[in-house]
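In the two assemblies presented below, subunit A is common to both, partnered first by subunit B and then by subunit C.
What follows is the complex of A and B.
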């Protein structure tokens, strides 16, 4: 049954992604976030149906915030999954298994694609519904992709927190901080992850998605760098770090007013 | 297949010398590890499980050096480890938990992996509980679940730390049957306080105390250590290491007998007691 050469980790990561994704979808934390997203979508639909002249800009905001909050719940769910070994005192027996921690981090990161897919399908449904009632700009279709990468990125934040601050209290505190800034309309610090700040032009929206994706990869690389920081992780971290800086620069120059405070 | 070779292995935690120059080798078959609490058995198993590196000495497992990352991974692929206090994912079902461990053991073909999971659950008689949440299992069932994950992929090296603790008598007998009939006859190290288990299934027994090997031989040879040093009488004796009243009302003594003592056949417990030197450690 055993062969002498060590097999590659790719199939392990894929199998872990399936298992972790399934558990993320079944977690109560994810369902709590999903309930908020559904509530926000319901409010959006109701207001769109009730108003005489509803507009996408005014009414879709509720839905956008609710999915942003759902993504924060995914962050907490991923963090809890990553801390499972510590919580259940299973660290020792897992250290005796051949799959390294980096493979498990990669599996969890890829597992976050499941909640990303589920929430994005709902976002897509919301956008499609809106298109039947309102004048929805075509670029708003990117909200679906934006939501997916936002979930993935916040999932990676959950992984980083679990790796470098392995306490069950850290992620809820970070989540609370994100909740506090989520409903704001000011183009201040947090707008760099807020979709509607850039869903006005195709170019900016694309840069925004690229920015979030690079951020997700950067966080994932940092999360997998413990206990052993390897060359592959360094390369991913460096490349995604450069991509983050470039895309953020483009975003800031595109979104922020020329002389006004933007990222303060 | 090479088994395990330890030469001069030492491990210290602060002021505590957990292992003190252990020399040990083992090939296929079951070796029992006996020793009082704090003797170093669990530390020894952790070193063998590649989760802890020794401070000094050399370790070779299944022909590989665990100090090298790639070789360590090769060892881990062929290793089954049941720690003394295994951790479980309470929200997982029994099947999901073992399946998850199987993935981490690099069993990536889904169908084969699921067949393997079903097989090990069958071996430990947890098939009927496969869909139950781990949090709903009894202590004995959790013990068997820990054993199931250790048996995945027919390991060549199987390390079992107190596997029968918490099992009822029938389950312990079933465990003996299982571990003594493993199809690929792996190298098994069985750390336990249950001397009956040692006598029942082990071909060899190693007694450890204060981080050192005190005895290494067959269970019967261990018992021979106590021949002539166990006797019965109807009166207490101040020279005995330990004595207790048997069911028939006589006192059974272990230690240096007085002249003319009524000697009886010793057990492994008696010999272990004499080797470990005090009744306090023989829990």
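What follows is the complex of A and C.
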């Protein structure tokens, strides 16, 4: 087999990531999510400017929630991009390309970094603005990284759904579930499983970011493993699975201390 | 007529999960899911081929909805209406809510399908989700698509959802005007 049959994966994945990232940024679904994020941020800025004594805890939630919702829209956008072949009846043509399917999945996963970067820059701007007007807890700085990893993780969810359940309706179903089903009002330790959970200490917040990152890698490995599992994908899936279990164990055991309220 | 049934099947299966899990009071999730699934009834793979047929776009879409709507309504009644509805006011409110979400979903999907080679289901259901999210940003007294209690009780809920249903129908009718049809003022 010559080298043209097995091109190096790195440049292919990079080129696909650039192209898919641009497509994701231009997609109408991403812009819908971005509009909601900007609306929530606008409500927060208005409260911070107009109210007499605004606080981070009482007013900034509109910005946080709106960026969580934008991340859900990124999941739908990535799912639509991953289903493009099937929608345009081009699966067979693309199977004839020298780049394997795993490279295309990896390119799309890396392409989700573009919306993650854009939304994180906006979140960072919102947090910086808040820091000029309000007393912002230092741990809120991690919210910027949390947002980027959340977008990446939900993008991987969109990918895995497109690969294993290739229907255009499945991603909207998951989106409706994430929007309409909440874990409950009373904080409990198992609520840390929820990707939108925000934690009040540096250590726990960092562990939650690690948990989301491990989930993203796990989903990406599962998505790229169809139709043929390779050793690299198995190793990534196993390592990220172990990381998910370890981070969840740390979070669940530490988030609700025996004395005092849960740190959610 | 190729009607995609899998969205309805998925919505019925996933929408039944809250009831099976003992959260039978959950109305919003199965109702929104079934309404979103109805958007896929508008998806027409032969949209461009049939564009020149004597049957108008509106009539073609109504045919598709006539096939899908009864199954959707039956599924919703089995999942939500029969287990949840208590009195007449609650029943009317639930019906108005489903009608509103269904009409908006179909209206959004029709608008998108007219600009997207006959395919509007996926983006239409996403548009419905966007509308619900934007609605939830408003305070309850101004919320146009209320998924919970609002000031004014049953009457306010029924009014708002009925208006949403009418808005959805208007959007559907406007989006389903056949582009090949001559305008009224152009007719001899």
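One rule holds for everything that comes next: the second predicted complex is superposed on the first by the 229 of 264 C-alpha atoms of A that agree within 3 Å, B and C clash if a C-alpha of one lies under 4 Å from a C-alpha of the other, contacts with A are read in each partner's own complex, and residues count from 1 in each chain.
The working rule: a residue touches a chain if its C-beta (ideal position, glycine included) is under 8 Å from a C-beta of that chain, and two chains touch if they have at least 3 such contacts.
What you see is a predicted model, and the numbers here were worked out from it, not measured in a lab.
Engineer: Using the superposition on subunit A, decide if subunit B and subunit C clash or fit.
Structural biologist: fit
Engineer: Is A:175 in contact with subunit B, with subunit C, with both, or with neither (first, second, both, neither)?
Structural biologist: Only subunit C is touched by A:175; subunit B is not.
Engineer: Contact-wise, after the overlay, does A:32 reach subunit B, subunit C, both or neither (first, second, both, neither)?
Structural biologist: In the superposed model, A:32 contacts subunit C only, not subunit B.
Engineer: Could you look at A:104 and tell me whether it touches subunit B, subunit C, both or neither (first, second, both, neither)?
Structural biologist: First partner only.
Engineer: Just subunit B (first), just subunit C (second), both, or neither: which does A:15 touch?
Structural biologist: So A:15 only meets subunit B here.
Engineer: For A:96, decide between first (touching subunit B), second (touching subunit C), both and neither.
Structural biologist: First partner only.
Engineer: In whole Å, what is the nearest CA distance you get between subunit B and subunit C after the fit?
Structural biologist: 9
Engineer: Name the residues of subunit A shared by its contacts with subunit B and its contacts with subunit C.
Structural biologist: In subunit A, nothing is touched by subunit B and also by subunit C.
Engineer: Any idea which subunit A residues touch subunit C in the complex?
Structural biologist: Within the complex, subunit A contacts subunit C at residues 28-29, 32, 35-36, 39-40, 43, 62, 66, 69, 73, 76, 80, 87, 167-173, 175-177, 179-181.
Engineer: Taking the complex as given, what residues does subunit C use to touch subunit A?
Structural biologist: Those in contact with subunit A are residues 6-7, 10-11, 14, 18, 26, 28-29, 32-33, 36-37, 40, 119, 121-123, 125-127, 129-130, 132-134, 137, 147.
Engineer: Using the touch definition from the top, list the residues of subunit B that touch subunit A in their complex.
Structural biologist: Per the stated touch rule, the residues are 46, 49-51, 70, 73-74, 76-79, 81-83, 85-92, 96, 99-101, 103-106, 108, 110, 113, 146, 149, 153-154, 156.
Engineer: Inside the complex, what are the residues of subunit A that reach subunit B?
Structural biologist: Within the complex, subunit A contacts subunit B at residues 1-2, 4, 6-7, 11-12, 14-16, 19, 23, 84-85, 88-100, 104.
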